[in-house]
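As written, the chains take the letters A, B, C and D, and residue 1 is the first residue of each chain.
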Amino acid sequence: MSMVCLSDFEAYAKKYLPKIAWDYFAAGADDCTTRDENILAYKRIRFQPRMLRDVSVMDIRTKILGSEISFPVGIAPTGFHQLAWPDGEKSTARAARAMNTCYIASTYSTCTLEEISAAAPGGLRWFQLYIHRNRAASQQLVRRAEALGFQGLVLTADLPYTGKRCDDVRNGFRLPPHMKVKNLEGAFEVCKMSPLDPSVTWNDIYWLQSLTRLPIIIKGILTREDAELAVRHGVQGIIVSNHGGRQLDEGPATIDALVEVVEAVRGRVEVYVDGGVRKGSDVLKALALGAKCVFIGRPALWGLAYKGEEGLQDVLRILQDEFRLSMALAGCASVSEIGQHLVQSSKL
Amino acid sequence: MSMVCLSDFEAYAKKYLPKIAWDYFAAGADDCTTRDENILAYKRIRFQPRMLRDVSVMDIRTKILGSEISFPVGIAPTGFHQLAWPDGEKSTARAARAMNTCYIASTYSTCTLEEISAAAPGGLRWFQLYIHRNRAASQQLVRRAEALGFQGLVLTADLPYTGKRCDDVRNGFRLPPHMKVKNLEGAFEVCKMSPLDPSVTWNDIYWLQSLTRLPIIIKGILTREDAELAVRHGVQGIIVSNHGGRQLDEGPATIDALVEVVEAVRGRVEVYVDGGVRKGSDVLKALALGAKCVFIGRPALWGLAYKGEEGLQDVLRILQDEFRLSMALAGCASVSEIGQHLVQSSKL
Amino acid sequence: MSMVCLSDFEAYAKKYLPKIAWDYFAAGADDCTTRDENILAYKRIRFQPRMLRDVSVMDIRTKILGSEISFPVGIAPTGFHQLAWPDGEKSTARAARAMNTCYIASTYSTCTLEEISAAAPGGLRWFQLYIHRNRAASQQLVRRAEALGFQGLVLTADLPYTGKRCDDVRNGFRLPPHMKVKNLEGAFEVCKMSPLDPSVTWNDIYWLQSLTRLPIIIKGILTREDAELAVRHGVQGIIVSNHGGRQLDEGPATIDALVEVVEAVRGRVEVYVDGGVRKGSDVLKALALGAKCVFIGRPALWGLAYKGEEGLQDVLRILQDEFRLSMALAGCASVSEIGQHLVQSSKL
Amino acid sequence: MSMVCLSDFEAYAKKYLPKIAWDYFAAGADDCTTRDENILAYKRIRFQPRMLRDVSVMDIRTKILGSEISFPVGIAPTGFHQLAWPDGEKSTARAARAMNTCYIASTYSTCTLEEISAAAPGGLRWFQLYIHRNRAASQQLVRRAEALGFQGLVLTADLPYTGKRCDDVRNGFRLPPHMKVKNLEGAFEVCKMSPLDPSVTWNDIYWLQSLTRLPIIIKGILTREDAELAVRHGVQGIIVSNHGGRQLDEGPATIDALVEVVEAVRGRVEVYVDGGVRKGSDVLKALALGAKCVFIGRPALWGLAYKGEEGLQDVLRILQDEFRLSMALAGCASVSEIGQHLVQSSKL
């Protein structure tokens, strides 16, 4: 089987993963409209490519919050990587480091933060967290991440409750007994409710800031109003995200929401986007519309499912090659030359 | 079979109901364009969800014409419930009361108003009526409903003649001999024409008002002009409806018409909507666009077909859970926080 | 087989006609885009129905060029009716008279004008003609039609050459040897070219007017510019038509072109439309957009194919019933109440 | 098998060509969106045909850069014609001459320029070239073409690197050993990199101009900005092209880009278009939107695959007949009567 584009990895994962794991990764909320729209919205954007510009030397590096990465694609936080590959998040960390990009480790990892750090010392990593009813548990996680050299905290804002994912309900999805949400072990034994706190508000950003000197990136913003609030509450970055279409269905596709968020932010903080990135040209579109970097979720899991660390590197390398080629064919030799003039979108 | 969302009940009903009954409930006029558009139009509306608002305590109750219901979903008037479940409308009444919501009993019930009342004393119920050629028959029905404690009269305005539903014509649809339109028994023995009066005009609202002190809700309004006329003729409520797409085909989807009716009414009377509601998020969209409450037709019949009273409660409970979750994920903790800012629609 | 709507007749005709005849009647030019658009464009128009208007007495009659017809649907000119039914145009004439409507007999009839007249004396008929290279032949046809009591001349303007209908080319379509274009017998024996004259211009209308006192209706107009020219050259009526999508492919659907033609004409002459009418509600839409009457082509042939004169009457009766019901459900009791307010169209 | 329209030739080629050759000719970049959009965009344009204009004498000739051709369709440069037919580009040259139109021979021909010239002396031909890292090689090609009587140089601007065509990657596409890119033989033996120079800029146009007195036509322009640059750098013609959708995917369809290029150029140089032309009416649309001529790529290859020189003539003859008929049915007797008034396009 020759792996030429990301859909080859998707087909592989669908074929070889246990159905319950595939369904969990693939799941969208309700009718999966937003999950699918994330992809379709990219296809509605048209390039306006420029010709005869010297593209003999291509520079696709960028920086996020001051750290250089080899190209503007990082790994979005997703849970339960052991469902895809035995070594789980350790493989993810190694692949991200090998490709010199950023990996956002999820609270719902099946390896501990410590194991992730040890697997790939020196890699650029951010830590994704929820605010728990038990604030001490959140505080402890922040401290551990900071101590382990994670360089950013990604606060997920769109999950006061878990979205309705019908396949997971039908499958009665739960982790197999030999896997654990290791980061949280022991923290919630008495708690029967969801450990996540639905009473969180913008003021809790201040609380988080009081715990750490790490930059805070807020994930799950979809409107200009919330973008403005995020900036005013002092976050360093915004990830435009709808949780891969797994939370509120029938909200905007992220690439569409990006335009209004970038407009509202006016360069005051960095804006990233996840959801629906399947080709290097999608990355180019997101950057043209103002994203500093994109993050991939499901494609990273397909890479893991294919060959663990090596498979994820394959996925990243394909995206890198496609991104470089798209840039060149659109007439850009470096990331700094990418701008809104490259695209036509009904959202502009 | 696990019942996770309303389409599970639809699939069940399609499989287990006699074809002639399924066809009758499913029927739309002509090409069924409007029936299907009612659903598709909801899908075209996009949420603009807000994050980090305290949604730990959710209040989904509302009031219609002064009566509190547990959430803004009632049962629309549909005929012949015994085709779906042996106890017919008695089961419907019990389920609505158990879920603390409003049931609009149809003139074309297979149980009498008296049986419906006795089955669930104290439940919130409105009575749907047509104006008959034989006005005495209509008058008698109004009096009975008022005496039995029905709290509203719903006048159906869109059926001067019955729409052309091809499957019913092909099936030669008629009630099985052991079922009767009991409310009308004896009233029309001599009459060979349709008992409904196609000469009804707005002035007949005055006649109705002279018969009863019950509030009058007019059902079947789709334009700003008729909404204005309804307000001027003193109705207390408007149900934006196209009869589930069973009358004039290729009119507007009800959720689209809602916007123009709400605009015209400017808060002077309550506006409701039926048609196409299949998910809790549809309810949220309707409320965001100005509806005070929605009513479900076919989904209630699927619930009855599944397990009678219990099945209908399942349907209502799923809608309730979905509505609550959608509200929370959109950033609303109570119905009063729902507003037009939550949605993007080409009709706004 | 129960014949409930026009598509039942279409299915019958497709099943029972010889393939070569079905293909000929069904054919559209090139990719058949315009043929299909004629139908789809109707579906894009939405009604805005009005309620509670007295529709107990329905009057669906109208007048075209001063003659009353039972409802605003006539028979468009189509060729070769014997391909559909042995009696050919004689059956068509009888059915049109029985339903008290107008039949436009085609030059390419398989019966003579004389046979058509004799088959249904007193029926309202117009005669469709082309202008031939041999003007004497055209002149003779006009004289014959006038002498036989035809009450209008329909000049087809959109066929300087025959459109490219791929199925006819593949089938090598030609009339079976026992059928003849009887009206033209003898007229073109020497002529090897197409008998139609592609040099015809607007001035030829004056020539036609010099031959006859019959009103002239021009068929095949699709733009405001040509509508204006038609009025200025003194025609009495315009049929907005694209020849059922059989001539230039990818022009406008007729119902879309109707809007611009009606606007340009400003009531100076009557405007009719053909193409894509499949339901009574299509007729209502066409009238709401300014047509005085519609003409049906293929559906008439399906009716003939089903049961000759009787089948065509069935088709007309179904359209009549559907039109009456649509009018009532939209709130109109007579044709004079139909107006643009009834519809929403992107062309308005 | 009767060859009625171009899709018949496509079906033939797909059936009879070796899969690897079919895939190579059919290939689009990435998701093939742009390849397919080239065709779909034509279908979105609607004619506004005019009636009763004298179209008895049709003149479909035009001139490109001063040379008369029999109708406004030439042969676009495509590589490797021997994959379609043993005689390769020699057959193409003969067919183009026989039909009195222009053939743009590709650098990547499987016959030499000398063989092409000798096959059809006196035919109107342009030569397509890339600028190579080895400028001497490019210079030599220009000199050879000029010496052989080619009358224009077509510089391809959209291939600094080759697009990602997944099927070619999967097939491991390469020329069979008995075929050669003969024009380049010997020129690049040492070179392991792609021979094409991705550092080319607009200034290289000046270099080309210094080598030759032939007119220079630039191919691959899609934006108003690049059109303006092309004019300012002194080219004589622009081919609006996206390389048949084989380079950057998800750019504009060429017929859509044509409108903005024509607007920017304001008649200062001739504008042509390729990509997506499948019918004579497409040619009419392109001319109505301002193209002086269109060029066909894949359809020419299908013609070759069918019967070599004769098959390509069939393809051209069908296009010619369809173009003439479309013109007549739209009311134009000569190419000079074609204008923007003939079409409706959302791009206008």
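Everything that follows uses one rule, which is that a residue touches a chain if its C-beta (ideal position, glycine included) is under 8 Å from a C-beta of that chain, and two chains touch if they have at least 3 such contacts.
No experiment lies behind these values; they were computed from the predicted model shown.
Engineer: For the two copies chain C and chain D, what is the rotation angle that overlays their Cα atoms, in steps of 5 degrees?
Structural biologist: To bring chain C onto chain D, one rotates by 90 degrees.
Engineer: Residue numbers at the chain A-chain B interface: does the shared fraction exceed half, giving same, or fall under half, giving different?
Structural biologist: Here the answer is different, because the shared fraction of interface numbers falls below one half.
Engineer: Between chain B and chain C, what is the gap in Å from one C-alpha centre to the other?
Structural biologist: For chain B versus chain C, the centre distance works out to 43 Å.
Engineer: Hey, how far is the Cα centre of chain A from the one of chain C, in Å?
Structural biologist: 60
Engineer: Can you list the residues of chain C that touch 2 or more other chains?
Structural biologist: Counting only residues that touch two or more other chains, chain C contributes none.
Engineer: Report the complete set of touching chain pairs.
Structural biologist: All touching pairs, sorted by chain label, are A-B, A-D, B-C, C-D.
Engineer: Considering only the defined contacts, which chain A positions touch chain D in the complex?
Structural biologist: Touch list, chain A to chain D: 2, 4-5, 43, 45-56, 279, 281, 322, 325-326, 328-330, 344.
Engineer: So in the complex, the part of chain A that touches chain B is made up of which residues?
Structural biologist: 30-31, 33, 157-158, 160-161, 163-164, 166, 169-170, 197-202, 204-205, 220-223, 225-226, 229, 247-252
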